[in-house]
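What follows is chain A paired twice: with chain B in the first complex and chain C in the second.
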Partner chain A sequence: MSRKTIWGLSAGIVVFLLFPVFLPRFYVYLVSIILLYGLLATSLNLVLGYGGIFQFHHAVFYGVGAYGTTLMLTKSGLPAALAFLTGPLVSAAFGLVLGVICIRLSKLYFGMLQISLGSLVWAIVYRWYGFTGGDDGIHGIPVPELLASPKSAYYFTFIVTLASLFVMWKIIRSPFGSVLQGIRDNPLRSEMIGINVRRHQLLALVLAGFFAGVAGSLFVVVDNTVFPDMLFWTLSLEIVIMCLLGGWFTFLGPMLGAAAIVALRTFVSGYTDYWALVLGVIMMLVIFFLPNGILGYVEERLKGGLRAPQSEER
Partner chain B sequence: MLEVTSISKSFAGFQAVNRASLAVEKGEIVAVIGPNGAGKTTLFNIITGIVKPDSGRVLFKNEDITGLAPYEVCRRRISRSFQIVNVFQRLSVFENVQISVLSRARKTWDLFTPSARLAGGETEEILASVGLLTKKDRPAALLSHGDRKVLEIAMALGGNPEFLILDEPTAGMAAEETFRCIDLIRKLSRTRGLTILFCEHDMEIVFGIANRIMVMVRGCTVIQGSCEEVRCNEAVQDAYLGGSNICLQ
Partner chain C sequence: MNAVYSIIPAGVLSQVFVGLSRTTILFIVASGLTLILGVLRIPNVAHGSLYMIGAFTAFTVTQLSGGGTAGFWTAIVVAPLVVAFISLIAERGMFQFLYEREHLMLLLLTFAFSLVFGDLVKLVWGTEYKSVPVPPFFQGFVPLFGGLPFPLYNLFLLIAGPVVAILLYLLTNKTKMGKIARAAAVDREMVGAVGINVSRVFAVVFVIGCYLAGLGGVLVAPTVSVTLGMDHTLIIEAFLIVIMGGLGNIWGALLGALIFGLTQSLGILVWPKFGIIFPYLAVVVVLLFRPTGLLKSTW
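On to the complex of A and B.
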């Protein structure tokens, strides 16, 4: 890492740490939501942008994580720390189960099967009043004292998101990450250089499920509620759009996409009920003019600018 | 070293390979020739596990490898390149080969060591040996067609193979690139002691580098023998020249 990026990163972290000091309560809540949605979108991008797997129903893992943590908090009486660990682990395990079933199909068929199986989970959560609270969801979840205030919830979300992003960044830079990108570009070629493609994809799905579960647990901390819409397929679509909008071949693109969409939803829906229409138009423009997303475009320009003088030297 | 016995494969009623047989000894360069659609690529796909044969056996170093998954075949040190270029388009030339080296070293499950620190020396050695070292930071998608075909061979070498299969290594190359590629294949055979099986349409190349030749027509093995034997074989002349009785030059 160059000195410049370290300074930039530290400055960014300081700004985020200072947000609760000068921002009103509503905005602190909003930034928390953006952070956890960003984490959710980044976890999807691990398999979508870096793995080339059409994970169309990522929200299921987010919801399962949130419900896992919530049910542990409300029903088990075990320490809260354990609950926050259980949520993501349950999502990861669920990622493994769903992955084993779906990975036999390729590309779009994988996505279709995942949507149908995921919707099944949604239907169960939606109907099972005795256990999941049905379509009412669960409100007023007793989170630990330490995380109860919006400020502390924000700091918790920020720190966990930062740590998760760091781990995912390390993973993408690791041999496993390289192999994953190789599989994305060419599964047959990967297989032919001795890589067990399915198993690597499966691990990627488990990791993505885990971090989606982390995001789900963070939502429990920030909002103290869970509801079945958290694992409805329209949310999955929204997460995919976050990745595409921000740039699915960049690491921070999904975070940017999440910020854009959460902000859009919050502010535009104040003026019109048809905020999705605005989103649709923006999405069309992005697809036509910035096929690699916003950050993808910026990166291209930066690289283009850097490459030109190099080629002159030669 | 490699022994293919009576392999058959049909796709939806079309007999792509029909009881083909092939034997390759250690250190040899063997060419498979035949008209388009003769089943050469399917034969290679069967050997490397991409296609499962309907019947027949593939033995490698006296071990039955019939029907193994491609990654398992690769781990027995059989590597291949493809006729239609198959590289990791979005990754750099260096990364393309590095992944192959990492895969052979069984480091692909490592989640936390930065890739940048691993297998650099070996990767660069391979790139230097095929002449791509100066282009190592370029995305594979931006290479010329000829360079991408060479990159394929480099990726195959990353697996440190004993047996190399090349599916039309020079297809679509410019004349100069073709010469360099032929030199490369010869060099690999000589310096690394690689056993090489390849198929090719350009007869000049085939007769130039092959020790022995196997001829396939409509999925069947017509003959396998030395260049001389093949050159003057009547059935081969039938297939290539429509029955006229001239020796192939």
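On to the complex of A and C.
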């Protein structure tokens, strides 16, 4: 890492740390939501952009993580710290189960089966009033006192997001990450040189599930609610759009996309009920004119020419 | 007929018939989806929205015509055509430029369409529930196996399903258009190379597939409450059916719809609260043994 990036990063961190000091309460909440959605989108990008796996139903892991944490907080007398660990771990385990079922299928089959099985989970959560609160969800979740105020929730979200991003960055830069990108670019050749393709992909799915679960738990801290729509498939495709808009072969792209979409949604919803219409039109424009996303486009311009999207950037 | 009852309880039998009428709707919608998937390779998420538009259009048409039997027949003719027209605009305006893109992009584009369509429906018809009356001609019940009442409309559905299946079979296997479309599904470049306008073939197939979604929407309208969000559950079911049957295979869609409809209706008998999980379990079992679906996929 060059000195310049380190300075940039530190400046960014300081700005984020200062937000709650001068921003009104609502914006602190908004930035927290942006951060956790950014984490969610980045965790999806781990498998979608870097792994080339059609993870179409990522929201399931987000929702399962949130519900896992919530149910531990409300139904068990165990310490809260344990609950925050349980959520992501349940998501990771869930990633393993869904992965084992789906991984044998090729791209589109994988994605469609995952959407379908994820919808089953949604249906169960939606109907199981006794356990998950059904379609009402669970409100007023008792989070530890330390995290109860919006400010402390913000700082918690920021630190956890930053740590998770750092770990994911390290994962992508590790030998495992390189193998994963190799598999994305040429699965057949990877298999020929003796890489266990499925095992690598499965591990990527588990990791992505884990970090999605972290994002879900953060939502519990920030909003103190869970509801079944958190694992509805339309949210999953919205997350994919976040990755796409920001640039899905870049590390920070999904974060940027999440920020853009969450901010826009908050803004547009203030004026009209037809947010979905606006989002749909934005998606069409992005697909047509910015297929590599904002950061992808910027990078392309900076390098002054066409870049093969798969090339490993250093 | 009492012999039948001694083997199968009446409740089970009536659920089987309920499941079969559901199968008809599922098949008609899924066959359109699988047609588009097989030939154009577009996983059309907007298919569910077109089905919803079909149902809402049927509501408007029957209301304008006073709710009579004639109004219903008009709806069956008009509503799918409206849907087909909308899809034609979408195909010529957008999809035709993106056939070379990856599946992910196409899926997202169709999702964008489903968002737009969903909000347009909200804009035009509002958020209230709508109900389409069962046409007078199909009101009432027929006795089934000695006295078990079965709604006449569902019987009509049971007939409509096979009719659509046979028509689709004739269209894809006996007409020149269908043969070209099947060839394009296997190798679109080769079809283009022998001088056929592949783009136009694709447009026709896309419109036919969407027409089927609209038809499914009209047919389902009298049996359910027509509401926003009816697209979201249906598209997932249709996806499952198509995967189970093998992408692009119309008979696979029929088989998948049968399995899905029957496990759904019988599952409710077994476990009323969570009957919904049985069709999904069926899909998992099928895919564990046959990862690419029951019948041969065109992919």
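Definition applied: the second predicted complex is superposed on the first by the 304 of 314 C-alpha atoms of A that agree within 3 Å, B and C clash if a C-alpha of one lies under 4 Å from a C-alpha of the other, contacts with A are read in each partner's own complex, and residues count from 1 in each chain.
The rule we apply is simple: a residue touches a chain if its C-beta (ideal position, glycine included) is under 8 Å from a C-beta of that chain, and two chains touch if they have at least 3 such contacts.
All figures in this text were calculated on a predicted structure; none of them were measured in a lab.
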| item | value |
| --- | --- |
| Clash or fit, chain B versus chain C on superposed chain A | fit |
| Chain B versus chain C as contact partner of A:Gly182, first or second or both or neither | first |
| Angular separation of chain B and chain C about chain A, which is computed from CA centres of the superposed model and rounded to the nearest 10 ° | 80 |
| Partner chain(s) touched by A:Thr234 [first = chain B, second = chain C, both, neither] | second |
| First (chain B), second (chain C), both or neither touched by A:Leu290 | neither |
| Touching partner for A:Ala93 - first (chain B), second (chain C), both, neither | neither |
| Touching partner for A:Leu117 - first (chain B), second (chain C), both, neither | second |
| More chain A residues in contact [chain B versus chain C] | C |
| Which superposed partner A:Glu191 touches (first chain B, second chain C, both, neither) | first |
| Partner chain(s) touched by A:Leu108 [first = chain B, second = chain C, both, neither] | second |
| Shortest CA-CA distance between chain B and chain C [superposed frame, angstrom] | 12 |
| Footprint overlap on chain A, where chain B in one structure and chain C in the other make contact | none |
| Chain A partner contacts - residues on chain B that touch it in the complex | 48, 50, 69-71, 74-75, 79-80, 82, 86-91, 95-96, 98-100, 102-104, 107-116, 118, 155-156, 158-159 |
| Chain A residues within the chain C interface of the complex | 54, 56, 101, 104-105, 107-109, 111-113, 115-117, 119-120, 123-124, 127-128, 232-234, 237, 240-241, 244, 273-274, 276-277, 279-281, 283-284, 287-288, 291 |
| Contact set on chain A toward chain B in their complex | 170-171, 173-179, 181-182, 184-186, 188-197, 200, 203, 249 |
| Residue numbers on chain C that touch chain A, as the complex places them | 43, 45, 94, 97-98, 101, 103-105, 107-109, 111-116, 118-120, 122-123, 232, 236, 239-240, 242-243, 247, 273-274, 276-277, 280, 283-284, 287-288, 291-292 |
